Structures are given as structure tokens and as C-alpha cells.
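Take a look at this one; I'll ask things after.
Letters A, B, C and D mark the chains in the order given here, with residues in each chain numbered from 1 onward.
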Amino acid sequence: ADVAPAALIIAQGGLGDGSWNDTANAGFQAGLKNTGIEGRPIESKDVAAQGEEIMRRAADGGFGLVISLEWIHGEPMEKLAVDYPDANWVIMNQTRKGDNVASVVFGEHEGSYLAGALAAQVTTDESIKGINGKPVIGVIGGVKAPGIDKFIVGYIQGAKAINPDIEVKVAYSDSFGDPAKGQQMAKAMFDEGADIVYQVAGGTGIGIIEAAKAAGAYAIGVDTDQDGMAPGNVLTSMIKRVDVAVEDIINNYADGKFPGGEVMDFGLAQNGVALSDMKHTKDMIPAAYLEKVDALKADIVDGKIEVWDVSTQGYPDFFQ
Amino acid sequence: MIVDQVIAASLTLTTPILLAAMGGLVNRQGGIVNIALDAKMLAGAFVAVIVSSMTGGWFVAVLSAAVAGALVGYLFSLVITRANANMIVAGLGLNVLVAGFIGFILNWVYDSSGTLRLPDVQLLPKFMPDFVSGIPVVGLALSELEPLTVFAWITVFTLPFLLANTRIGLWVRATGNAPQVARAMGISGRNVQDFSTAFAGFFSGLGGAHLALASIGLFNEGLTAGRGFIALAAFYFGRDRPVTTALVCLLFGFLDATQIRMQTAGLPPKLIGTIPYLMVLVALCIAGWRNHRRKAVAP
Amino acid sequence: MAEAASIGRSPLMDWFDKGIGLAFPFIVALVVAAVVLLAIGENPLDVFALMFAESFGTQRRIAATLSAATPLLFTGVATAICFRSGVFNVGVEGALVIGGLCAAFIGFTLPAALGLTLIPLAFGFAALVSAIWLLVPGFLLARYEVDEVVSTLMLNFVAFGITGYLVNGPLLSEISGNNVTPLVHEAAQLPRLMPPSTLHTGFLIGVLVVILYGVWARRTPSGFEAALVGQNKRFSSAVGISIPATIILVMVLSGVISGLGGASHALGQLHRFADGFSPGYGFTGMAVALLGRNNAIGIFLGAVLFGALASAGTTVQLFSDIPLDIVNIIEGTVMIFAVVELGRISLKRWRARR
Amino acid sequence: MNVRNAARDETGQVSVRLGADRLCKSYGSIEANRDISITVAPGEIHAIVGENGAGKSTLMRMLQGIEQPDSGRIIVDDQVVDLTGPQRAFTLGIGMVHQEFMLAPDLTLLENLVLGDEPVIRALGPASTIDWRSALESGERLARETAAHVDWSRTARNTPVHIQQFVEIIRLLRRGTRILILDEPTAVLAPQQVDDLFALLKKLRDGGTTILFISHKLREVMALADQVTVIRRGEVQYTSPVAETDPDTIAGHMVGGQGVLPESAADAKSRQAVVGDVVLEVSGLTTPIVEKSHPLHGVGFELRKGEIIGLAGVSGNGQNELVECLVGLRPVGGGVVSFAGQDITHMSNQQRRARGMGYISADRRHEGLALEASVEANVIAGSQRKPPISNGGFFNRRAMRRAAEERLSFIGVRHGGLDNAAGDLSGGNQQRLVFAREIASRPSLLIVSQPTRGVDLVGIAAIHGILSDFRRNGGSVLLISEELDEILALSDRILVMADGAIVGETSASDADIGHIGRMMVIQGAGDG
């Protein structure tokens, strides 16, 4: 196909973060492979400041599709889209104007809500191996940032929806690549009575899952299906289909159907986020809990339940 | 119980810092301030994962990591002792360079970026008999001991002896203290310094191996998370004395282990992270002020 | 650090010397990079040609290079000012980040009605706070001989911690997907020089700072004194120059310039403060200063070279399979060899023989 | 002196343990050693005396292999040897105690003792464990043999200087040194400590060790040495068994014959006592003891307008400390310094300069000049804030050049260009450069330390001319010099300093070189 090549601008943290950038890149590569389009991921140590120049260079250099994973590139992209009407632009986690701009937003908060709801039900059921009766669960974020707190707030909201008295321990590892620390932090949480810890910390999360395995407790994976990383000790994973989103966009772009001007919502309804199939844990969880989760999902999809979105609503009262 | 958890966690988190600090301390006693410990830890971790996966043996992996660290350290030292490079800037440069090389190899040899996950990585074995876990308070920490932690603490208590009583130990201290005297006594200060930097690399490499092989069995670019600098802070704070430095490392490890509790108490994680550095600043100020006082009152 | 207290010591040989000083580390770095490239089966010459085209090939690329060089002008000078006086300040990075946050803070908290006066206010506040930031280690060194390398290194980490906390806590933008402050008011944004390029007025301020530094170093008594202190402390105090006062002066100046650099980057480039504000401009600035032998023109050239490396290093990825790591390798090698004295020593010997 | 004869000695006994045969060594234009020949017999204590810069240390460095002679030979045990380096000298049994201490301050004395030649328990190369017990035994044995009391567990930093000196000697003995070279070993010792050291050295001699030692103090030479050699301006001036000479003769050779006095000295006798206002008044000046410095014990004198006071004395008796206190580079322990009627005891160097004090440092290479900086920078330094050189905070480059040229030509400094490094100038011109700078700010008082060290005869005359002119125009000078000729030639009044105090005074008209020399080198002689 002689479609102009595509560029994927990697966000801060770079490739190898084990989550956001890596997953998106996986989808990007898959898309390129499907369509035969040429394309390259672009990394920069100074991605915050250099973003605009990189995107402009890409447009000047004949790229037809520019996807940026960096949140801070939203503003410059809006202007660039005007300068380069022939190019197609994609930004994530925010809504930007422009006929040739596609905005992709994910329902991390919604998926996390379900994870929280599941965890809140499981944590008091002593019939499940490794679970204590205490209504205590945890979550560990990579850094304290709105993009991460979006997960955390959703998770807490979901947990509270099941049990308003539940205690959700929150901590940040202050790094996305420090599994050693993640492991110790998770250990500490398990030790304080939590039996399920949700990881939103990229590479650090590997340590969190390790810790769950070692403690005979549970972790909840994030971004991809991490259930298999410690079969039986990962309760579920909150899968976020960044890869699917990016791949979709490339496919559409190749077919000449770039969703310019649209906001592509990858929420629960669109299956943009979802809990994993729970291959290893489904059988040990009472079916009622899963049904409840499904019911909540339906309510969210129908709009009966609104899950708080930190990235568009700021912080809620129940979280700082 | 919480106490034994904290003890166990502190101990584990201390080990990599401790190893690097022991190396850096010897280096500084020899007259070189090594701010590239981080680079050597990273190199060590990288090599450890690769070798462990290739051979399936933790010991070879750990040894290779140490040798890799020592090699990087030695080359670094040559730049300082032979070509008179400024050790601080060269150290910063080395941190960038090593990260670049590792990223590059990851990319071109392993076709991945950031993280290296290899099959059959053998972790450091936990060798204590089962019953120790029943011991109150320290049982958990004991049961989690692995060879590197044990080695690190053996080093802490043998290093003072080695520095004091071996020829090379004496040479290192003499070179750092009065290079012209060492030279006049027929000791090649440069060779001794090269040795001390290689030594620092060796121990940093071990620290890196611990990070990679203690429990997670994979390599990540961010694995060291600035621990080389924390180690630097530790031996500055511990005034280059092994046991004091080890206690400072333990304190930093403890801070790391209790970070989660401090967060619960409302301290923001970013600010908690600055505590070690603030401590060193305060220590420097106190030392400087005391020095000043002593000079001022000199008879 | 041997820039002579040379009031005008500039025969041809001197320039030749400086030229070698600047080129030598780059040549080594290119050789290292070439070896690596050969190992992966790329033709180094092609890659270097591409990199050159990406940094200086067109007017736009030149603008992009200068834009990337802008923060380095500030950090290069802020570092050189201290190195030249024998003060080994490695805390420019921290001061820059603090300055950037302060400028952004002024830029979005003060009422937009202040209009253009916001800019000097923001620059002033940033310079003030950064100056105080570096005054602390300066004072400790001047009065108590507290090792400035360690104190400033530690202060960097403290600066990262404080700014990291503020940008996520009290100063976090209401609605965002990332740790960023709100955008500064439009009036507080530095205008662009060659739209659409991101090259902004901060570049001119940076060039001005370099020129002022050159004038200060060569044309003012205080610059003269600082250089003498850097060369020979005993001599300096014997001719009546106060060493502590000089140390404090250069640290404060370094802080002011770091602060201006942070403000320029915040108001001109990002229009806010954000996580990832500086990818290590302060540390690269050290290499720039050393490469330029603390000389104004040398610093300018050094900053442009590193700017070129940064801008070309990313955009070449669009057109080839060269990973970013090559840029890191080049940069690290340049830093290490910028401080190696091989080139200079052999040159001196060669000259002595004649 | 004839080596070949010595080698043919028929008893089979070595007759020359250490010898120099027509050694020459130049540093650039300075001939530090010219055809120096000496012979030292086994078991002899041989003293080398001479003024500062006479070339003593240079000779010792060649005998230790640190420097290679330009020409000439070195003899050890009647054999010509090629001393390629200090290590070679070591193996031949030659060891040296340097002028500056060679102990690592933070190591213990025992560690310092064995450093570089450690006894080990089992040989494992560098990793061998040091056998501290045998080290201590050897240290204590040697200490016993030499009758020194050493606490080996102390760090060098916390050890009195004379013990440090002992340890350095013991360290050499332990390594099999048979020929001991000591460069001014008594400079930093108190009298009692000197006696201890001498007892040790005599004991060593009686045990067969050959000792070569440098000193400025004739009392010490008379008390200790068997043989004395005087070096002056790089040449052997005199050599004699101590028993056959006396201090006056030696002092005469040290400070030089009458013939070499510059002309200006001729009118010295005709000078009148100066009666102007007191410019500098020093009373009861004391300093705290800081490592390697000689403390002052209540120094006091007055310097008047238009007067040159010469301060004579052997180096290391507190002159440097006095100078530094006067110019504000060293904190004062007690006493008062007032300048032009104002108490300046605690003022900074800068403030003193602003009040009209100029300073010619004895350490030209490190304190008097910034060698790497340009000639212009050196001659301007200190005036950089004064108009017309700078105006409104900026240099006036033209005015600066002009000022620099004027200053340099006023005194006749020959230089290759204002932009050349000051280090490129010849020694004499470097010193003129310092004068050019200091005179230019029109001080009322000059503190001048060793103004002609390393300066050739023409340069000396020029510098003396500068000083005389300065005084004629109403300036006051405190002149510190070890060249007695110089002091006699220039001073109105002469003070003699010894052991941190002024021990004697004489007016120019009464000055007698022999008398002053005795006061300098033979303590207490001035009183008697």
C-alpha cells in the first residue's frame, strides 16, 4: 500500500516501561505488520520539550499518521493539526479539537472500578485460600500522578460500592522500574492485613506480583493480561487495550478511514478496558461475585453508575 | 508480625546499597570519589541476568556481574588516573554511557527495550533451614537470607580488618591520605587507585546482581533507581568507615522499607525520597562546622 | 579549567588549542559510535551524514537545533562561571529545575491582567530563588569548607524531590493526565522567533547571557578576580582578593543564571512546569562548559553541538533504525573525554618542544 | 677529593662512602650547582651549610637519584654509580629525610613505618596480611637502639614533630639505609628536641651510619658534625673538619666575602638614624602553633617613615609567619599591629592594602605571581578596581594596557608581550614584575621578603635601586632577607630574628657582618 508512513512518539519513561509505552508499541508494530505500512517509534530523552519539533519533523518528512503517547503533546498537536491538514494526528487520554485529530480516551477508571468491586467481595471470604476476613485491600501506583490516580480512584470507588467500610491502602513506589521496591511495598501491605493488591506501577509491578506469590496472597495485574505471571496469585488483570486502540487506528488509517475529529472511547462499553478471563482463578471464586461484577459492568455501560475520572474531573473528595 | 516484616524488608533493601557503598568507600579511601557506582550496578545486574539464564547457575552469574562491574570500574579508573580526567564529570558521563550501551545491546541483541526477561534465570538461593522462620522477630529475616546479603555483612565486618591489616589495604589508605608519601615509599599510587576503583566496580556489580537475582530474576533499565547515589550518600555520611556506613545503609534500607508506612502517615513519597540526601547535607554541615571550630580554637 | 586569567591572551595558537579541545572529545565519540554502528551493520558515514542533515540541513532543522541548545546556553554558563573560579558546582541541574517551577508558578498564579510584566516578574522570581538555592552550598564552602561537589549533588536530589512533590500536589493542574502545572498565561509565554519552530526568545536571552558572561569574564574586575582565584588562591588573597566573597559571588551568579534558564524553558518551551522538565540540562551543561574551556564562544559552540545531538538524535529515528541509545553513547563519551587531558597535554608538549 | 686515588686505597677499606665529583645542575638560566665535589667518609657526619637557594637541596636530590645531574659523577663505596632513581638509591643504602614531612598524617606511626616494605605473615602478594607484631618489634628494636621513645599506635597527625622526624629516620634504617641524608632536619624542632635528634644521629654514626645533613645553624654544625662544607651560589666555598674551624670562619664563608657587596652598600655607613613618624608599630605579636610553622613569641618593633629596617635571620625562625601576620594572611594570636596610627591587627589583607601596604612575597612562584596568568594580569592584579583601569565596573582595555606597559617599563621588566604567561619570564624579571605591581599602587609601606632570591647580579642592583628610591621618596620598608649583604646594603636599622623573637638590633652605621652573622646563627651570641 502506498500509504504514508506512521510515527509513534513514545511518552516519558520510554520503551521498556512494561506498560503504557510498551503496550502501545506492541499494537503499533502489529498494525504496521497487518497493513504493510512503514512506521517507526520515536524516543527522546527530552520528550516534553522536543515533542513539537519531532511531530513537525514527522509531518514535514512525509509521515501521514502521527500518534503521540505523551500527554503533554496535546496542546502543540492541536496547532500542528491546523498547519498540516493532510497529516493525521492521534492523542491519548484527552480530547483535542481538529478534523484530522483523533482523541483516544480509555476507561481505566471503569475497569479499575470492577477490579475494586471484585477485590472487595473476595477480601472478606475466608473460604478462599489466602484470604483473611478483614476488609482490607491495597493498591500501589508507580508515581503519584493524575494518570495513575485515575486507576486508583476508580478502584477505591468500586471497592466502596461493595463495602463502604472497606479500607483501601494506597501507596506509590515512586518509580516504574524498581521491582525490588515494589516487592517490599507489597509485602508490607500483605503484612498489614491486605490480601489483594492492585498494581499500577509498570515494571515495579513485577515485584508486586512476586510478592503476592511469595505471600500466598493476590495481586491484580494491569494493562495486559498478567494472570499468567504467577498463576493462581494474580486474582485478575485490568486489561487496557492500548495495543488494540493503536492497532485499530493504524488499520483504519490504512483503509482510508481515519477517525479524524472523533473521540475514540475505549471504555467498558467498547471493551477498551476489561477484566481478564481469570483462567487460573475463576474456579476458586464464588460465581456470585463474578455475577455482581458483571452487573456492575452493565450498570456502568448503561450509564447507571458514573465512575469518577480524575483526568477530566480532578480529584474527588473521597481521595485527598 | 509487622516488626519482623520490617526487619526482613530493611535487610533485603539494604543489601544492594550496602555492597555498592562498601566498594565506594574503599574507592574514596583511595582518593577517588566515585559517582558512577550506579552505572556499575546496572552493568552488574544486566550481566547477572544474562549469565544466570545462560548457565542456570546463580554463582557464576553473580561472579560475572562482579567481574563486569570491576572491568567497567577499571577502565573508568584509567581515564582518571592516566588521562587526568575530572572524576566527577567522567563519572556522570559514565552513567550516561553505560545506560546507552546497555539499552543498545538490549535493542540489538535481545530485540527488546527497557526490560530483559530471559528464561531459566536462577535466583539467589535461600539456604537457611526451615526452622529459623519460627524464631521470633528475626526469624523471617533469617529465613530470607541469601548468599549475597550474608556476603555483604561479612564484608562489613571483615573490611575494617582487611583495610587495616593487608598490604593492599594499607596502600589504599596511604594513597588516599598522602599520595606523595605513598609514592616516596615506592608505591604506585595510580595502580592502587585503579585497584580501588575496580574493587568498587566489583562490589557495585554484586549489588546489581542482588537487585536482579534476589527475587525478580529480570533486568530493567530503572532497576538501580539511583541506588548508586544513595550508596555515595551512605559512605559520606558514614565517613568512609565500613561499620558506620553499613549502619547508615541499614537506615536507608529501613527508610525504604517503611516508606509505605510513612506514606500512610501522610508524607508524600517524593519528599520521603529526599531524606537520605538531606541527612548527608546535614552531616556535611555539622562536620564542616566542627572542623571550623576546631581550627578556630587551635592552641 | 585552564582558561588563563587571560585578559586577552589570544594569539593564533590559543585558538588552535581551543579548537582541538572542542573537537577532540567529539572525534573520540564519533569513533566509538562508528564502531558500534559498524557492529550492527550500519554504515557510520551514512548515519553521520543523516545526523548532520537532521541538525543543520535546513533552516527549520537549524532552528530546532538552536531550540534544543537554548537551555544548555544557560547551564553551560552557570557551570563555567563556577568552574572558572575553581568551584566545582554540580548543582546547576537542581537550581534550573527550581527556577523553572518558580517561573511557571508566577506565570499562572499572578493575574493575567499583568500582561507582559509577568515575564520579568517570573524571570526575577526564578533567578532569586535559584540564587538562594545555590547560595547555601556557596556559603557552606566559603565559610566552613564544606565540599561543594557533594553538597550540590545532594541538593539536586532534594530539588527533584521538592519540585516533584509540588507539581503533583499543591501546584498540580486541576485536570490533567500527567504531573503538570497549569499553563502559564498567554502573556507570560515567550514569543517564538521563527514560527513555526519552537525556537523562542529564550534563545536570545541565552545568547545574551553568554555574551554578558564573556564580557564579565574578560572585561570586568570581578570576572578577573574570579579567574585569578580559580588559578591561584594564594596569589589571589595575597593581592587582596577575598576568596570567600568570590566563591559566594560565583555561586550566586550561577544560581541566577540557572534560574533564568529554568524560567526560559518554562515560559518559552513548555509554558508550564511538568514532570520531565529537564532531562539533565544541568549535567550536559557541565560537559558544555568543559568542552568550551569556560570560554564564551566555546560554550556557545558546545551548546549548539549538544543541541544538535539532542534534536538530530531523535528525528533520525524517523528515517533510520538508529536507536536513541547511540545518542547516549555519543553523549557519554563526549562527557568523559571532555575532561580528559590527553589532547591538551600532548599539544602542550608538542609546543614545548618547538 | 681525587676519586681514583681513593679507590686504590690499599687497606681494602672503603674510603669514600658517598661522593660527588664535579656535579653540575641547571634549571633554565639558574645554575643551581656548579662543579660541586664533596667526599663523605664512612661513619662521618658531614654538614652542608649555605644560604637559601645556595643549591643544597639540589645537590641532595641528585645524591638521592630524584634529579639527574647535567654533568659529573656520583660515587658510592668508591664506585661510580648511576643513580637512575630513588629506588636505585634505596638499594645502594641511600635514604633521605626530606625538608617536608613524609608521613601520611592519618596513618599510625607503625603503618607509616612499614609502608611500602611490609613484613607479612604469609606471602600472598598485595593481599598478604601484614605481620604487625614483627613490625612493631622491629620498630621498637630500632627505637631502642636509637634511644627514641615512640608510641607507635598514634597517628602521625597527633605526633609531635620531632617524633615524626625520628620515625622517618627509623623507617630508613629499617630499610637498610647506611647513608642518611637529612635536609634541614632541625628547622621545625624546639631546642630540646634538637638535642634528642642529635643524640640519635651520633648514636647512628657510632653504629657506622654515614650522615649528610643540611643546616643553617652553626651551633648545630659545631655540636654535631665531623666535617663541614659551605655551599654558596651553587659552588663549594669551603670545606674543613669541624675540629679545625670555628663558627666565625664558617659564617664568613656562608654570607660571602666583602668584595661582592653591591655599590650602594658603600654609603651604608654614612646613613643617619631616621626620625620620621612611626608608620608601622608592632608590639607583643604572638601566633598560635600551626603545623609546620614557627610560632612568634612577642615580636615588637617600630618602623618610621622613610626608613628601611632589615630583618636578618636564618630561615625558619618565624620570619615568614611574621610577614604573613603583618600583611593579614595569617591570624594573629596576640599583640597589636598598627599602621599609620590605626590598629590593623585584625584587618583583612584587602583593608591593609587599601591603607597603603604593599607586599613582596618570598614565594614568588606561588604567592607573588600567578604563573599561568598573563604578564598583564599579574601586573594589574590588585588594581583591577581602580580607575582608570576600570571605570564604572568595566575595564578600560586601553587604559589597562597603558597602565601595564607603564608599570612594567618603569622598572624595566623585560617580557615577550603582555599576553605571555608570567611563568615564561626569567626569574629576575618575574621578581621585577612583582615589584612593578606593588610599587604601582604607591604604597607608604612595603613588606619585602627575600626580594632577590634567584635574581642575577644586574637584577639585584636594579631591585636594590628600586628599594632605595622608594625610601628616598618617603616610603618605609621592612626587608626580610637571608642575604646579609643585601640587608647591610639597604637598611637603616637591622633587627635580628631567631626562634620567633627579635634577638638583637643594630644601626646601619655600627653594622658588622660578623656580629650579625653570629647573632643569626649562634643563638644568644648577640647578648654576649
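Basically, a contact is a pair of C-beta atoms (placed from the backbone, for glycine too) under 8 Å apart; a residue touches a chain by one contact, two chains touch by 3 or more.
All figures in this text were calculated on a predicted structure; none of them were measured in a lab.
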Check your understanding: More C-beta pairs touching across which pair, B-D or A-C?
Key -> A-C
Check your understanding: Can you give the whole-Å distance between the Cα centres of chain A and chain D?
Key -> 77
Exercise for review: Would you mind pulling out the distance in Å between where the CA atoms of chain B average out and where those of chain D do?
Suggested key: 48
**Study point:** Distance between the centres, which are taken as Cα means, of chain C and chain A, whole angstrom
**Key:** 36
Point to revise | Geometric centre distance via CA averages, chain C-chain B, whole Å | key: 30
Practice item. Give me the residues of chain A that touch two or more other chains. Key: 143-144
Check your understanding: Which chain C residues touch at least two other chains?
Key -> 168-169, 323-324, 327-328
Point to revise | Interchain contacts, given as pairs of chains that touch | key: A-B, A-C, B-C, B-D, C-D
Exercise for review: Spell out the residues on chain A that touch chain B in their complex, using ranges where they run on.
Suggested key: 14-18, 22, 143-144, 169-181, 183-185, 187-189, 191-192, 203, 206-207, 210, 214
Revision key, fill the gap. Given the complex, residues on chain B that touch chain A span 2, 5-6, 9, 12-13, 16, 106, 112-115, 211, 214-216, 218, 220-223, 225, 256-257, 259-261, 263-264, 268-270, 273
Practice item. Please give the residue numbers of chain C that touch chain D in the complex, ascending. Key: 2, 4-11, 215, 218-222, 224-225, 227-228, 231-232, 234-242
Point to revise | List of chain B residues in touch with chain C within their complex | key: 33, 35, 79, 83-86, 88-90, 92-101, 103-104, 107-108, 226, 229, 232-233, 236, 268, 270-271, 273-274, 277-278, 280-281, 284-285, 287-289, 291-292
Point to revise | Residue numbers on chain C that touch chain B, as the complex places them | key: 36, 40, 88, 90, 140, 143-147, 149-151, 153-155, 157-158, 160-162, 164-165, 168-169, 283, 286-287, 290, 323-329, 331-342, 345
